[in-house]
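Every chain is named by a letter (A, B, C and D) in the order it is written, and numbering of its residues begins at 1.
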Amino acid sequence: MKSEHHFQVRWGDTDAAGIVFYPNFYKWMDDATHAYLAAIGYPSSKLFAEEQIGVPLLEANCAFKRPLLFEDQVIVKSYVEELHNKVFKIKHVFVKGDQNAAEGYEVRAWTSFKDKPKAQPIPDRIREKMMPKAETVEG
Amino acid sequence: MKSEHHFQVRWGDTDAAGIVFYPNFYKWMDDATHAYLAAIGYPSSKLFAEEQIGVPLLEANCAFKRPLLFEDQVIVKSYVEELHNKVFKIKHVFVKGDQNAAEGYEVRAWTSFKDKPKAQPIPDRIREKMMPKAETVEG
Amino acid sequence: MKSEHHFQVRWGDTDAAGIVFYPNFYKWMDDATHAYLAAIGYPSSKLFAEEQIGVPLLEANCAFKRPLLFEDQVIVKSYVEELHNKVFKIKHVFVKGDQNAAEGYEVRAWTSFKDKPKAQPIPDRIREKMMPKAETVEG
Amino acid sequence: MKSEHHFQVRWGDTDAAGIVFYPNFYKWMDDATHAYLAAIGYPSSKLFAEEQIGVPLLEANCAFKRPLLFEDQVIVKSYVEELHNKVFKIKHVFVKGDQNAAEGYEVRAWTSFKDKPKAQPIPDRIREKMMPKAETVEG
């Protein structure tokens, strides 16, 4: 399963160098993950309300290829690159026109907040949506 | 009671015009109100933990006199300008060197979050700290 | 001329009280003004590139009626409420469902950045777009 | 050369989960790099004003160990971990009390903005400050 998250660079996303201030790429990756979960039928708000499940970050990375500018139209293409027992790695590719502006990933843990936060095995119904082709990685 | 909140403009606070992106002034007013509450002996975190009291916004205003730039050292001088029964208006003056960069205010309600949020009369022990000189305004 | 700017509340817009952190309303007003200028045919990026014109803030205000929550779909309805010689006041109404969540305004100066920043009379071609019905206010 | 950047978590840094919204760690890494450059005698503002040198990002990474909360006092300890010909990798360790809250790094290019942006060899006077002990890595 892949999802696409579209956005336009806002004036407030820029800095005095005239380009996007880099931490904003992580905001967009976070947005893109929420969009991804909604696209597979499990919006994060519903996951939390119905199952007290959240997906906190273990790690996030981004490599910057080309600067983004005010008003740029950008697509973030997201897919799960690695699917472990309790953890997944979601890849995010920032596309502007026909070029990659950046490529990043987030590593997130499937976590129950019922009592104190505790990582849980990712349920099969979720795994099938994230990686329908039995591409599961051991972990 | 007056309080002072010191900060330095961060690179990420600027925008492509080379000056501070204006919504940041409201972030600093919010910081300054938290600093003010701590200065009078009632940090917002403690107020919430011990009394389930918060001070949500009813209104905020800022007038911009001079732009702020990366690395500027700024002082926000804060004091309660109006003290009503359940509501207070806190003034924030942004000082850079010997000049005012901006002047703003926030109107906040003394609110209990014990059940559903409900404005409460501001207790006397707080009123005395905010306006020791019987400057209370009717409201 | 009125314009509408649609957005959805992002996870990162919230704070530990579970609602939108209030300075974000000013980011959305800034976005809405850029959308307004684009809607009348003068996107801010084009105004700056072709005429070295910007519209810096003199003042901004917002009154908060109802909190916004993660994933809320919101429309900002914007129109010029006052049109002075060099300055305009743009009103922004935040609508969520059939309710107003907030109402704010920005006062901005029509400013040339050719040499040092200097306020300029707003040209007639702009005035006609902002207030087609001769509603101009003296100032 | 090591530097320390101290900060306190602001209310607006949190999200509806009650902890810091993760992109803020990258803002703090950016702050910490500016602090590092100032600590070695070359503040980024001065580098740009006098030499038209900037240090744009090639990559940034952060691993999150423990959540940060409102009002937490945090120290970011920064040092150059790898020093290549035109590129350096700066490590940032987030310390809260006696625990590491997060560990990240940024890879940045020593870049001249005199004409179009172009990476430059890092001058010896900078190298000596970043890695006084001949720890330079080939690259």
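To be clear about the criterion, a contact is a pair of C-beta atoms (placed from the backbone, for glycine too) under 8 Å apart; a residue touches a chain by one contact, two chains touch by 3 or more.
Model, not experiment: these values are computed from the prediction.
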Residue-number overlap at the chain A/chain D interface, same or different (half cut): same
Per Cα centroids, the chain farthest from chain A: B
A-C or B-C, whichever has more C-beta pairs in contact: B-C
B-D, A-D or A-B - pair sharing over half of the C-D contact pairs: A-B
Between chain A and chain C, centroid-to-centroid distance (C-alpha), Å: 30
Centre distance in Å when chain B and chain C are each reduced to the mean of their C-alpha atoms: 24
Set of chain D residues in contact with two or more other chains: 11-12, 17, 21, 23, 27, 30, 70
Complex contact set, residues of chain C against chain A: 10-12, 27, 30-31, 34, 43-45, 70-71
Residue numbers on chain B that touch chain A, as the complex places them: 11-12, 14-19, 21, 23, 70
For the chain D and chain A complex, residues of the former touching the latter: 17, 21-24, 26-27, 30, 54, 56-64, 67
